[in-house]
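Note that the chains are named A, B and C in the order they appear, and that numbering of residues resets to 1 at the start of each chain.
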Amino acid sequence: MKLVEAIIKPFKMDEVKDALNEIGIEGITVSEVKGFGRQKGHTELYRGAEYVVDFIPKIKMEIAVPDELVNKVVETIENTAKTGRIGDGKIFIIPLEEAVRIRTGEKGTDAI
Amino acid sequence: MKLVEAIIKPFKMDEVKDALNEIGIEGITVSEVKGFGRQKGHTELYRGAEYVVDFIPKIKMEIAVPDELVNKVVETIENTAKTGRIGDGKIFIIPLEEAVRIRTGEKGTDAI
Amino acid sequence: MKLVEAIIKPFKMDEVKDALNEIGIEGITVSEVKGFGRQKGHTELYRGAEYVVDFIPKIKMEIAVPDELVNKVVETIENTAKTGRIGDGKIFIIPLEEAVRIRTGEKGTDAI
């Protein structure tokens, strides 16, 4: 299992969530974060204003997935979160050793 | 070492925290997240209202623990966070390669 | 690659961020968390008040870094976040299997 963590633009959240649902992903944990990325001489637009150096609001999604779904999940996030502009975000893949569904005690891929 | 991440119902936070303290866990990091889980035809109750599809407030707890405490920590969270109803939450176990206590520079299990 | 997670005192955030920039780190994700640590008979000061048992506001920084930068990043955080007093925080190092820059599709160390 893997924990897929995606940092995306806030206005893309619903679109990404819906696309993940469509490929069968039912569990997602979302938090509001502030992001700091490369600017490389460019500036990132946020709500019509230019941000040069400071933190920009982003959405972090965490999705625990079985190994065989990782590629599909990553592609789905890439395709839906991408605008082609600076600041589209990152996807990180972290090993996940165990998962437990608290209500039932199920473990492993049955639990996610 | 492992990083235990638990997504639980907000009203269970104090009970889980107290139970973890009782088994000797002193360090916990908590954040407010929004959760999206399976509904499977069911709806999840939140503050007396039925939520069918949308994000529900959850609490995320992160606890860095030595290997020999992982099972005890997971069981403690399961036992205290469980209500038996839809939405009780998940526990994820992630490998933790190193830990540092910033004040002292201690590393490894001495640092957690 | 590793995911470096640091829990620090909020007033140290800018200093840590600037120090990380100076060693070439351009991407950081920040969130507001509540922390619970050891008290060991001591109390931790927050805004001039003593906190004996309860949650204290902390800042969580997440930084994806190539293996060869991990030590430098950890030392930089230690040096800048340290006050020498109770509650200075923790650094956790988690394995990171893959990273993707959503705008370009770049992967691995090119993506972070």
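In this text, contacts are C-beta pairs under 8 Å (C-beta built on N, C-alpha and C of every residue); 3 or more make two chains touch, one makes a residue touch a chain.
This structure is a prediction, so every number in the text was calculated from the model and none was measured.
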Touch-based graph of the chains, sorted into line, ring, star, complete or other: complete
Fitting chain A to chain B on CA atoms, where both chains share a sequence, rotation angle to nearest 5 degrees: 120
Separation of mean Cα positions, chain C and chain B [Å, integer]: 20
Per-residue multi-chain contacts in chain B, two or more chains: 31, 94-95
Chain B to chain C touching residues, read off their complex: 3, 17, 26-31, 64, 94-103, 105, 111-112
Chain C-facing residues of chain A, complex: 2, 6-8, 31-39, 55, 58, 60, 74, 77-78, 81-95
